[in-house]
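In the two assemblies presented below, subunit A is common to both, partnered first by subunit B and then by subunit C.
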Partner chain A sequence: MATLTLPVEETKKVVQEQEALITGAEAIAIACKLANVDVVTAYPIRPYDTVMQYMSQLVADGELDCEFIVAEGEHSQFEIVKHASICGARVFCGSSGVGWMYAMEALTVTPALRVPMVAMVGNRALDDPGAFGVEHNDALAVRDLGWLLTWVDSAQEALDTALIAYRVAEDRRMFVPLALSCDGAFLTHSQALVKIPAAEQVNKFLPRYNRGALLLHPDNVISVAPQANEDWVMEIRRQNYAVTERACDVIREVYADFEKTFGRKYGNPFFEEYMTADADVVLLGMGTMSTPVKVAIRKMREEGKKVGFVRLRWFRPFAGPEIAKCLERFKAIGVIDRDFSFGSPNLSGVVATELRSAMYTGATTRPPVLDFICGLGGREVTVPDVEEITKSVFEAAEGKAQPLTQWIGLRG
Partner chain B sequence: MTTFVEEKPTQELEAFKGVKKVPHEEYYTSGHRTCQGCESAQIMKLMAKAAGPRTIVLGATGCMYVANTSYYSTPWGVPWMHTQLGSAGSSALGAAAALRVQMRKGVMKDEPINVIAFCGDGGGADMGLNAISATLTHPDYNLLILLYDNESYGNTDIQISGTSPWGVNTSFSTPGKVKRIMHHRWKKNVAALMVAGHPTCKYVGTISTSYPLQAMNNIRKALSIGGPTFIHCLNPCPKGWDFDPVLSFQLGELAVDTGLWPLYEVENGKLKLYGKTEKIANGKFKRLPVREYLLKQGRFAHFEEEDIQFFQSKVDEMWEKWLIPGVIPLQKDVNDNPPAL
Partner chain C sequence: MGKLFAVEIIYRGVFQKTLAKNITRGVVLAAHNQGKLGLSFGRYGDSPERNGIPAKSFAIVADDEQTLEEGMAQYEPKRVDVTVVLDDTLCKGVESWAWYGLQPVHRALKPGHTLIVVSLQDAPTLLKSIHHRETPYKLGVLKGATSFSGMWVYKDDHTDVRVLGAIAKALPELVGLTAIKQFVTEKLKNPLKGTSAQLAFDRFHSIEVKPGEGNPEELPKFELLKWEDMRDGVSIKGQPQGGPYKDPITKQVGGFRPARNELFKKGSTRTQRPVVNFATCTKCTLCWLNCPDASFDVTPEGTYDTNFESCCGCGICEDVCPVKDCITMVNEAQFHDNKSQWEAFKKDQDAYLKWLEKTIKEAEPEEKRSHGFRYRGQYKEQVPEALEAAQRA
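Let's turn to the complex of A and B:
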């Protein structure tokens, strides 16, 4: 199964690389160790918190030298690392679901402070009612604030993307926080064989974080974030906007360097294409739903249905023109949203709404973009779900009117 | 015996021996736009002077952010950063942790750097209490949290905070036709709360800007002793308390002389009252009636005689009934029996 979900193509054999059977959360903890992070803050909430259990063990075993601070809530958790980063430290923290929302004030102020914090989000449904399982609304809540947002679908990709995350966030052209999203349970707690790069390679790929003239230190007497009001706030917002203008180029550069250093190739950094070459219609989604979707696609291919899959890796930046260019050749597109956006245009999920916007300006054709809300609250996206979705997409491709938003896999 | 704490040396800041020995250098200077007679700005100046140049200051939202630090006209001569209203505790912790780890890894020059986070009463006694409490339990980090208390949310039009005095007129507790007293909660006993709740914290104290030399020396002591420390400072506020700015200094003194604002420090668990408070405790100075303090302020102008008497009775209780007068509000068992074990 591991090879099924890995979009990774080995381009060269790397010495000293080790292989281990680990979970997605453990893979990220190992990446943090390799990145030699300085300050880590933890607070318990499932499912992200397993990463902090591994971090704690790494510190106890002397494998990682960092300040490991257990905070008294998520707000403090994110505020502690925010200030540590401004004082020059490489930082790591994370959360899930309502814990992420409890930190929201801290999350809001971090991009404008130009803090390259890397946070893991173990995606979890927002209470109430209680649910531990995956939903993407937690991480998506910061999509307008200047955070970079990426979704991974395997433990290997989690480890690799964590290294990439530090390199991208700490690039002086960026200096913004980055949330690395992992589907709760399906990725955080599922084991797979992961190739672990050698520390020397990581050191080569990831230079020490250098805050330069923005460092808060007695040798650099600066005042950070004074009251700016209408005089300057707009110009400061424009600087964050400029980061998003540069983001795609920086990410491309970093992936190219990653491939050169570690010999693992991800192709297009922004999205993965699966069996799209001859496809008539495609499905599109983020995260670990890729596994059942790919299984279903292989099954449907045997039945002669030409369907492919596009898995978005980066939601922020949203590589709009590239995605539109990729999708304009298909007869219909089915977006699987593991999230909701109540009251949005067409009452669709977040990904479908964003994608329609990207297609409107970036595509030369107008294929129907259908939305399917599926797999909320940790419910599985099943192979029959995907088949049902695909049936509707094919009907849209044939010109039969379909609802723009459908809920799939509901009981009763 | 191992303490499991990796102590890092602090700066050794000796007490200033007299006002003439205080250095001329200022690290909080012009550029702010606080009100005339603002004692909160005064403690910023004293705090920065006491700490000196090798200091990082983190300031939670409040008057001392909004009125203090306008873009392009910062008054700070040491590195300063705004932090969120409830983040004084976590900001100091984050900064201290970053310094410590980078010095250990050899990527930053190893030297003692003061880390001070300040907050107002809203940021310290209300929203930020959680984070401050957590921070005071971390023995590994050298830092000071200074709460400047003007007894209201002074920057947002004067509203009740957890340290506003009983009965006060604020924009959230304006006397009306039916209710004269809209605020009937007693002021939080913040410093003692920090003392009782954080047994490993080496220094907690109260200060007043009316005794500037003492205030600076207590700040220097808190910065030198090691670990996380906490100071609570009372700051008369002409705008919020509604008095002539010329009275700022006198009101600070009256708060102490009436017994309302006890001055004390708890150093390594040992309580020491100082100044007039010490004299009140050992009978060498008779507390002044609170009436003299209350009636100088417009925020109590709606008080009637019974309100003043109630206020006085609560202050009397502090000194006559509390287990540790003026500090710890536990009362002795009525029969003076020790609690059953």
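Let's turn to the complex of A and C:
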């Protein structure tokens, strides 16, 4: 049991935090309990299913009072929470891999309807073959649709970001769905020590969901999603575009308030910098690969190699100008993509392609951006992998030509 | 840089999943009492929701956060400081549902470190099953029947804390007995369990196992192909049909033996095996028809011989056999090879039938095994207090 003193100007009260040994999925279930969600829908698929197991246990134990609905498939699962959210319920759902893809039709409609659903995507390779391991292509499939997308790398960050997610998604300036991406196995199934905030703190941080004039209710007679053709669709899309224009500011605001309320600092919300201050080159990636990358960086630092790491937290919105500003000072950048985008420019992964686009407009210098496809289907990103990647990035920094896309940790 | 420790628990799916998890959590939380940090996780590629399938659970503990990071983001630690086997029949090897090949139980154990087996057998007997290896290690038996402790329908027999006590004895630099007792007092809130941990600590001892000592069986080796050399379209070659084979004594050709996958054998799921009385078999075909794994070979004379590399020990054959005592399921720990029973029967019928009688008789009082809760009446035997409560209600 650890105690935490809140910043003095907020309250003199010492609020009790609990420490528990829990998985990333369990951490999100606990965040949902603290957020007092109203409607939860579930349909099993590994690794997402661990979160529904924990939530159903919370319901069974009487710790969480909510509608817990096991749907007959992922499509219904997402449809049910969509409707519940429009009726004013705080909702939670989620899926993984092909389950997420099966729900795709329901996923595409939520941003336009301004549904602030929070979903956990337990990142999993797309079948076939039926592998459970992490790959980011499942969550990335909604990247163009108006969903917010964030990646976390620890159970603690999963819990904290789930609370932040509700606050961001349910902000009246936003009202868009948000996917909390968690690497299968390394995060969803691994138990770590996590600090659980007290309910009073969470209540202070997270106001009730208020749908206002968009509430579907007999006392507020509206019709949602009428047929609309070319006369209307562009304007509807522009409304979603406006949300993305505001997104970075809202996220910044919420993180600042999170820090004030809970005393845990995340620094820049959009990305975490590790040993970048004096670095010549940096690596960049998302999710739990941060662990082996950091271990490798410490090892390489001992050998005198000035390499750092930037872990992207938010992929949507993609904080382009800020990221470009951060990266322009390095001599070369190595992106580690735990995904693929077959046939893309330079045949690179999604993150590298996006980053090159951001750098083209946002950076004053043009350091080489190399891409490394690594850790697909749950393959471990190993320390030697990271060393091999870094070697190539240093060579690019010295002006030696390097392939723009390389596959690392592959047999052959 | 601090020290990094890894603990591996090998267990059987469903029945021991919670027990394994309780132990790895116990390791982390007890070590945390000594200021260490840790995490616990199950091997993700396993499928512990399948009955009896071999699976693994791990605890990673480190002196500080940076050291801990070195042990994170892995499916399974490559080297472990202690391995615990919760069911002695797993000593024959571990073949998980997601295929990594049949592996010896001490595959990841560092040289000189301790393998702890929960068993009623002694170390020399277990070594008939545990594969030989090139480096020495220690083998310690934690005396006890195979436990499903932690499953809500099973009594809590304190196996979780007894294993923790044994770990403290085998690897004191990971976690001390005091820290374990503190964990028991604060988290489990059962003083009797503290006593159980203490007793296990006091009684636990291990023997040295020399290089080359143990089961001489050589496990199949295989190579993972390069991407250019693999078939594409996510396709693999199918199994051929199989066909008739020869009676080793009469040389008569006949029957049917299906071809089986050479590399994925499934037999390590088995905790009990059928022993067949070929003299009373009426060749009714029911065992062969109902076997979910096509584990029976049809002999040239029309009886059914179990292939023990394939048999999962589910016991359906015993259930469907209409002949009294023709097929009897026997504790797998009694056996140390996968040889054909029918061949033994053909070579010397009298000797085989005597062996059969003796094996069944000897196995029962030692440890009544089951495939989960297959037995009728077993639950009643194990949880009289629960039954009493149920009757009162």
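Operating definition for what follows: the second predicted complex is superposed on the first by the 397 of 412 C-alpha atoms of A that agree within 3 Å, B and C clash if a C-alpha of one lies under 4 Å from a C-alpha of the other, contacts with A are read in each partner's own complex, and residues count from 1 in each chain.
In this text, a contact is a pair of C-beta atoms (placed from the backbone, for glycine too) under 8 Å apart; a residue touches a chain by one contact, two chains touch by 3 or more.
What you are looking at is a predicted structure, and each value in this text was computed from that prediction instead of being measured.
Q: Looking at the superposed three-chain arrangement on subunit A, would you call subunit B and subunit C a clash or a fit?
A: Once subunit A is superposed (C-alpha atoms), there is room for both subunit B and subunit C without a clash.
Q: Who does A:M289 touch here: subunit B (first), subunit C (second), both, or neither?
A: In the superposed model, A:M289 contacts subunit C only, not subunit B.
Q: Using the superposition on chain A described above, determine whether A:D38 touches subunit B (first), subunit C (second), both, or neither.
A: In the superposed model, A:D38 contacts subunit B only, not subunit C.
Q: More subunit A residues touched by subunit B or by subunit C?
A: B
Q: Could you tell me if A:D231 is touching subunit B, subunit C, both of them or neither one (first, second, both, neither)?
A: Only subunit B; A:D231 stays clear of subunit C.
Q: By the touch definition at the top of the document, which applies to A:F186: first (subunit B), second (subunit C), both, or neither?
A: A:F186 sits against subunit C, while subunit B stays out of touch.
Q: Answer with first, second, both or neither: which of subunit B and subunit C does A:V221 touch in the superposed model?
A: first
Q: Given the superposition on chain A, what is the angle at the CA centre of subunit A with arms to the CA centres of subunit B and subunit C, as a multiple of 10 degrees?
A: 90
Q: For A:E72, select first, second, both or neither according to whether it touches subunit B, subunit C, the two together, or no partner.
A: Once the two structures are laid over each other on A, A:E72 reaches subunit B alone.
Q: Quick check on the superposed pair: does A:C87 touch subunit B, subunit C, both, or neither? Answer first, second, both or neither.
A: Touch partner of A:C87: subunit B, not subunit C.
Q: Smallest separation in Å between any Cα of subunit B and any Cα of subunit C in the superposed model?
A: Minimum over all C-alpha pairs: 16 Å.
Q: Taking the stated contact definition, name every residue in subunit A that is touched by subunit B in one complex and by subunit C in the other, in rising order.
A: None.
Q: Which residues of subunit A touch subunit C in their complex?
A: It comes out as residues 21, 23, 47, 128-129, 132-133, 184-186, 189-193, 288-289, 291-292, 294-295, 298, 378, 380-381, 410-412.
Q: Which stretch or stretches of subunit C touch subunit A in the complex?
A: By the definition above, subunit C touches subunit A via 25, 28-29, 32, 37-42, 44-45, 66, 69-70, 72-75, 98, 224-229, 234.
Q: Touching residues of subunit A toward subunit B in the complex: what are they?
A: Touch residues, subunit A against subunit B: 38-39, 65-67, 69, 71-73, 75-77, 79-89, 105-106, 109, 208, 216-218, 220-229, 231-232.
Q: For the complex, which residues does subunit B have touching subunit A?
A: 53-56, 58, 65-66, 69-72, 74, 76-84, 86-87, 89-95, 97-102, 104-105, 107-108, 113, 130-131, 133-134, 138
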